[in-house]
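Every chain is named by a letter (A, B, C and D) in the order it is written, and numbering of its residues begins at 1.
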Amino acid sequence: MDEFEVETVAEVDLDEPVLVEGLPGVGHVGKLAAEHLLDELDGEVVRRVHSEHLPPQVGVAEDGVADLAAVEFHAVPTDGSDLLVLTGDNQAQSNRGHYRLTETFLDVADAFGVTEVYALGGVPTGEFIEDYDVLGAATETALVDALADAGVEFREDEPAGGVVGVSGLLLGLGGRRGFGAACLMGETSGYLVDPKSARAVLDVLEELLGVATDFADLEERAEEMEEVINRIREMESDSMDLPTDDDLRYFG
Amino acid sequence: MDEFEVETVAEVDLDEPVLVEGLPGVGHVGKLAAEHLLDELDGEVVRRVHSEHLPPQVGVAEDGVADLAAVEFHAVPTDGSDLLVLTGDNQAQSNRGHYRLTETFLDVADAFGVTEVYALGGVPTGEFIEDYDVLGAATETALVDALADAGVEFREDEPAGGVVGVSGLLLGLGGRRGFGAACLMGETSGYLVDPKSARAVLDVLEELLGVATDFADLEERAEEMEEVINRIREMESDSMDLPTDDDLRYFG
Amino acid sequence: MDEFEVETVAEVDLDEPVLVEGLPGVGHVGKLAAEHLLDELDGEVVRRVHSEHLPPQVGVAEDGVADLAAVEFHAVPTDGSDLLVLTGDNQAQSNRGHYRLTETFLDVADAFGVTEVYALGGVPTGEFIEDYDVLGAATETALVDALADAGVEFREDEPAGGVVGVSGLLLGLGGRRGFGAACLMGETSGYLVDPKSARAVLDVLEELLGVATDFADLEERAEEMEEVINRIREMESDSMDLPTDDDLRYFG
Amino acid sequence: MDEFEVETVAEVDLDEPVLVEGLPGVGHVGKLAAEHLLDELDGEVVRRVHSEHLPPQVGVAEDGVADLAAVEFHAVPTDGSDLLVLTGDNQAQSNRGHYRLTETFLDVADAFGVTEVYALGGVPTGEFIEDYDVLGAATETALVDALADAGVEFREDEPAGGVVGVSGLLLGLGGRRGFGAACLMGETSGYLVDPKSARAVLDVLEELLGVATDFADLEERAEEMEEVINRIREMESDSMDLPTDDDLRYFG
């Protein structure tokens, strides 16, 4: 295998698709949102990217068959903008890998005629929250304005430390290559998988894209997590201590 | 030295050999199983792989002579399938190293005419167990069926997180190159070297390969480990605490 | 993106400029000093360096626009020596990255006709201090003498362990390429952002360069930090414990 | 700078010199021994190796002048075997760096006509010791025998885990290139700089090389360390606890 292998799984014609990226990260917000789109809209895998920058690992599917670590592009035609949805179970494993993989992702997007990119993710607040704001960043002020109109918050010095990983680089490297790219970051505690934060991100994204989906599944999952949070809060009030990272890592 | 050096130690003709990989890992299950085959069946080292992806280290043999870190291929003709057994004291030291070494191993296997690969290892259960199931994964459903017939278990979401390292990549990269590859993973506590788990893996493997060996040595070693476990259990019931990783690391 | 990209932001003629480097480090001394020069003297960004050796990250500006991790060269004409000031929010992320980035910085400096380099930084004392000495190191004894005349201290075995990172390599690699380079290291506790230490470094630097700036802003910031230190000292005398790294990391 | 730069500092003719390596490591045994040879015998630096595999760092000499991280070869003509002594303040910073640097060192040695290599180091015992045995490893049995005759110990399974880093690779890679190479490892607690262990290693080495030096300086330094150990033992008997790594790290 070379440093990268981009496997053509299917040839699909899309009409100036919008790239939507949702890889694993804080609260799995981006990945939940991307998977929701794939569950609710008809689409198919069109490209599969393998790389030695991904973990040296196979996943095992339900039928016992092993699949080499990959990220996948799905073609999703919609009534609004056509989508090219990028998701998977893996992130790059090094700083250099983040740079190199992102360039490869942009190459694929470019070949599909993408000019607009949305990177989805979470921004940790460190505490459980009731209202889920969505923070933004973009490659140009016109895009910032459009996001603000859709309810995205822009706050000085947030997210602190900027945006890291593929989501950040889709803006940083994408902007240099002429893509219009935005990052939509749902606030989330940072402790748990957060379907409510994914919902908040999707509300914004769907308005921007002219797409509408049914949120019943995501709401059900949010209720399950709500119960987990309530149990944690009970433990907290019992022990008067915040749950430690160790208590929570099994949920995240 | 280049990135890899494949040293030809002996030229041996094998009849469509099956590659059996057992490198160090959880419970040393894979390595114990591979070494058992080498102890009980006649074979010899045919290839030795050195690489800057292995640790910067020499081992010191009983005669005081130093050997550069390596993994070795042994030719093992049998009444059943001929074997090419891959084992050693070392694993790759980086993600990229795992990818690159596995490709090199597959190159060597390919040159010997290998088309079938078994990667042996352990899967940690986190507790001492009485019954040793063997979990599986494979590159294709036909192979999954054959393994299931031989008693291998396939369970949803197990092993959690997939299969990492060379064993996983022999399936992930091997499958892409047309090898039929399977992973046989013996359940094991994850705390101790586990000859019983290696025995369970070998029971399956030997049935699949039409090979039979004498397990007296492995059983003796299993009894020694059983005594260690009993002593640990006594300590546990005294202290009512599970042994910590620190208590146990000297055994594993 | 290649390993490095040096973006030409503006073409400015400088008269044999002196390179002044102040990247993030101990007490943010070098960065504070470099930023002070940029705040007080008229200058502009002339070169921007991106690299996969920098973090895979974008910063988000006040207007919501994302900027790819970079370090920047600013042209600063002065009544004394013209300056080429190198600063930014990022350091290299690996040993090799430090070497490679420093060579790239020296290439840029060389193209501007730089022959003299000052690397600014802090040296940790481990305790809060009243008097801020500036320690030095240089590529040649003539430069050591000039620095000593300007009040720079040279002490046996200090800084212990030498000078690491870009500052050290500007001397180590710069000296090999014929640059006259010096490191000015302000003593600082190592716990907090230290404007007083930056001031001490600037006092020396400005004397050497024949430049004068107004220190009102830096003094104001120093007073704010003085209050933080006083609060910490009160906590110390209450608890009779030194503040831990954890207590302090939010300030540094 | 390229990946490696081998600077020719002086041209000196040596008569089939023996390479003696003593870089920093356990108890600083190898480095102490190499420096003792340089202090007691007349020699001079002939080659200086810089590399991006060394730390990104400069040392600061007593005169304030900075020196880029390096390892140095010293030519040391003696009445016995001429020596090429390799020492410095730095080790490689990665596994790959160890491999690549060692090959570079062997290239330099080869150019000087070296055929025999001694790698000096320490082997940790985990406790303070009275008698300092020297353990060995070598590239061939004839060399093992010669070392055994000089009092070097060869023990089964020692050193546990083999020999790591440059010392190990001088045997592992050197042996493959036809060098006769041996490792002399002085037993040492592993907690402190250990001049006594260095003395034990030198006793063996000098017998093998037909060289004799005055050990007054090393004995003086050993007495100083003996006082440190006695103070630690008093602390131990007071607290009935072994000193922690933290207590001791300032000495090692």
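We adopt the following convention: a contact is a pair of C-beta atoms (placed from the backbone, for glycine too) under 8 Å apart; a residue touches a chain by one contact, two chains touch by 3 or more.
The shown structure was predicted, so the numbers you read here are calculated from the model rather than taken from an experiment.
Residue numbering at the subunit B/subunit D interface overlaps only partly, since under half of the positions present are found in both copies.
Compared with subunit C, the chain whose C-alpha mean position is the greatest distance off is B.
Mean C-alpha position of subunit B lies 52 Å from that of subunit C.
Centre to centre, using the average C-alpha position, subunit A and subunit B are separated by 37 Å.
Residue positions of subunit D in touch with at least two other chains are not found. Touching chain pairs in this entry, ordered by label, are A-B, A-C, B-D, C-D.
Across the complex, subunit A meets subunit C through its residues 92, 95-96, 98-100, 102-103, 136-141, 144, 147-148, 154, 156, 158-159, 161-166, 168-169, 171-173, 175-176, 183.
Only residues 1, 50, 52-60, 62-69, 93-94 of subunit B touch subunit D when the two sit together in their complex.
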